[in-house]
Amino acid sequence: MNHKIFIRDVRESDFAKWKPLWDGYNAFYGREGASALPDEITNLTWSRFFDGYEPMNALVAEHAGKLAGLVHYLFHRSSTQLRSNCYLQDLFTVESARRQGVGRALIEEVYRRAAQAGCGKVYWQTHETNTHAMKLYDKLAKKSGFIIYSNEL
Amino acid sequence: MNHKIFIRDVRESDFAKWKPLWDGYNAFYGREGASALPDEITNLTWSRFFDGYEPMNALVAEHAGKLAGLVHYLFHRSSTQLRSNCYLQDLFTVESARRQGVGRALIEEVYRRAAQAGCGKVYWQTHETNTHAMKLYDKLAKKSGFIIYSNEL
Amino acid sequence: MNHKIFIRDVRESDFAKWKPLWDGYNAFYGREGASALPDEITNLTWSRFFDGYEPMNALVAEHAGKLAGLVHYLFHRSSTQLRSNCYLQDLFTVESARRQGVGRALIEEVYRRAAQAGCGKVYWQTHETNTHAMKLYDKLAKKSGFIIYSNEL
Amino acid sequence: MNHKIFIRDVRESDFAKWKPLWDGYNAFYGREGASALPDEITNLTWSRFFDGYEPMNALVAEHAGKLAGLVHYLFHRSSTQLRSNCYLQDLFTVESARRQGVGRALIEEVYRRAAQAGCGKVYWQTHETNTHAMKLYDKLAKKSGFIIYSNEL
């Protein structure tokens, strides 16, 4: 049986359903158990999704009557563009809904939102070893050839 | 003869000296001639450096009485942090002042400014083929293992 | 004959119709002729309406097949609130469409948008001599008792 | 005996000294006891002072070895200016240090900071009945003639 995927803005009433997805996403990056993201950060990030001043946004995917995925994206300045860049920071599909097109639908909706918001491009980061995710990404975007250097302060 | 490197905030009166560095930086990325960055973008970016509302900042390096380098950095939100991230977007040293520590001094000053601004880290992008720059970057930061996917809208 | 008022987001294709309203609004505040607002400001403000990073927004009223009014509002921080404030900066109805409810419809739509954006209130300024406008404002909001001091730098 | 007034950026280590001033300021506006500002707001506002991405800033006045006053100001967009406006939101001098020039010194330092940040003006609100404060304000700024309408959502 096929289920339609419906992408929409997250709502404040979604918190209890969104939180397990957010936890699952964070666990994938090792932020679980003693290393879990502090609730203070989760709560602040959540409140930012609903603050018109904050350029942070969240979409969720409904599939078979449940929240099946999330995507968080934000706008930021760029020195080489008039308008802002769109950084797709977080993307997650629940285990049970994988290989159904949820990730693709979430990314494509970010493309639409970013275009409406005047952005010239959408970009994201992935780990160089994440070949599984890259199978999807290679269909939807270009590997830019740019890599990230980072310094903890 | 050794010259001391002095890093400072860019000033509105620096425009005529900063512009050739900015042009040199853009040329390195192929934005020259018919593909040059439009003046409209340069002028807007420049004005943003001096607008207290904008989280974009520029430092310049003085060396032997001249502007020898520039760095532009900006702050943006992150869903996994209370405070903002620091993205070092542009870095450039003029040909004649290379191998004198200008790049290192600029990056280290961004570290200081970002720490003052409450950031937990500073990050930047470099092309995977830019092994020359990586010699410096490997001393000052960590190759994160993350790569950039990008989609033009 | 009555015409329905339709309030919607401004679109990039509206520029030629929006501009005369903006000019009319500015003229009301003495910004016309030699004192007119520079095009550079108008163009930058216009571009901000379509930049997802900018917390500036514009709505227009359609009435009898024409643009009959505009409202511009922005979100900004407040030290005494978790989320942002909504400042309704500009409101204008064309002469020919006055006393038809255009101003009221624009303000009420800003209320809806601000509530969606998590704001606790919407505020604006009016001159203490503008008793005509206050007839409407007194129905839709409260005179707060606060007055503005300002210092040109 | 005269004491010199020293105005400086607030520091994270100032919290315990800044908090009683903030409480005193809020009490003046009736935000005390059962109506006190929630700690959640105070903590978030405090964190914003130290976040380079946030256009909120705080200065304190040192006088006779103590914190004698505070001022909070923020930058926000304006549709009629290229650069941002400076809104001086909060100003407070402790009872024991009044009539010593603390308020004036705080306002004048905001003028300097706002000018550096490219602002064309600094503005604030005061209640129309606050004739005591207006004695100072009339020396430092102009009563604009504009009044505030506000609607709770």
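Note that the chains take the letters A, B, C and D in the order they are written out, and that residue 1 is the start of every chain.
Heads up, the rule we're going with is that contacts are C-beta pairs under 8 Å (C-beta built on N, C-alpha and C of every residue); 3 or more make two chains touch, one makes a residue touch a chain.
Please read these numbers as outputs of a predicted model, since none were measured by experiment.
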{"item": "Chains contacting each of chain C and chain D, listed by label", "value": "none"}
{"item": "Farthest-lying chain, centroid of Cα atoms versus that of chain D", "value": "A"}
{"item": "Cα-centroid distance, chain B relative to chain D, in whole angstrom", "value": "33"}
{"item": "Centroid spacing, where centroids are CA-atom means, of chain A and chain B in whole angstrom", "value": "27"}
{"item": "Separation of mean Cα positions, chain D and chain A [Å, integer]", "value": "38"}
{"item": "Chain D: positions in contact with at least two other chains", "value": "44, 54-55, 76-77, 82, 114, 119"}
{"item": "Every chain pair in contact, whichever chains are involved", "value": "A-B, A-C, B-D, C-D"}
{"item": "Chain C residues touching chain D - in the complex, by the definition given at the top", "value": "26, 31, 37, 40-41, 44-45, 48, 54-56, 72, 74, 76-82, 87, 89-90, 111, 114-115, 119-129, 137, 140-153"}
{"item": "Complex interface listing, chain C residues touching chain A", "value": "47, 50-55, 75-77, 82-84, 86, 113-114, 116-119"}
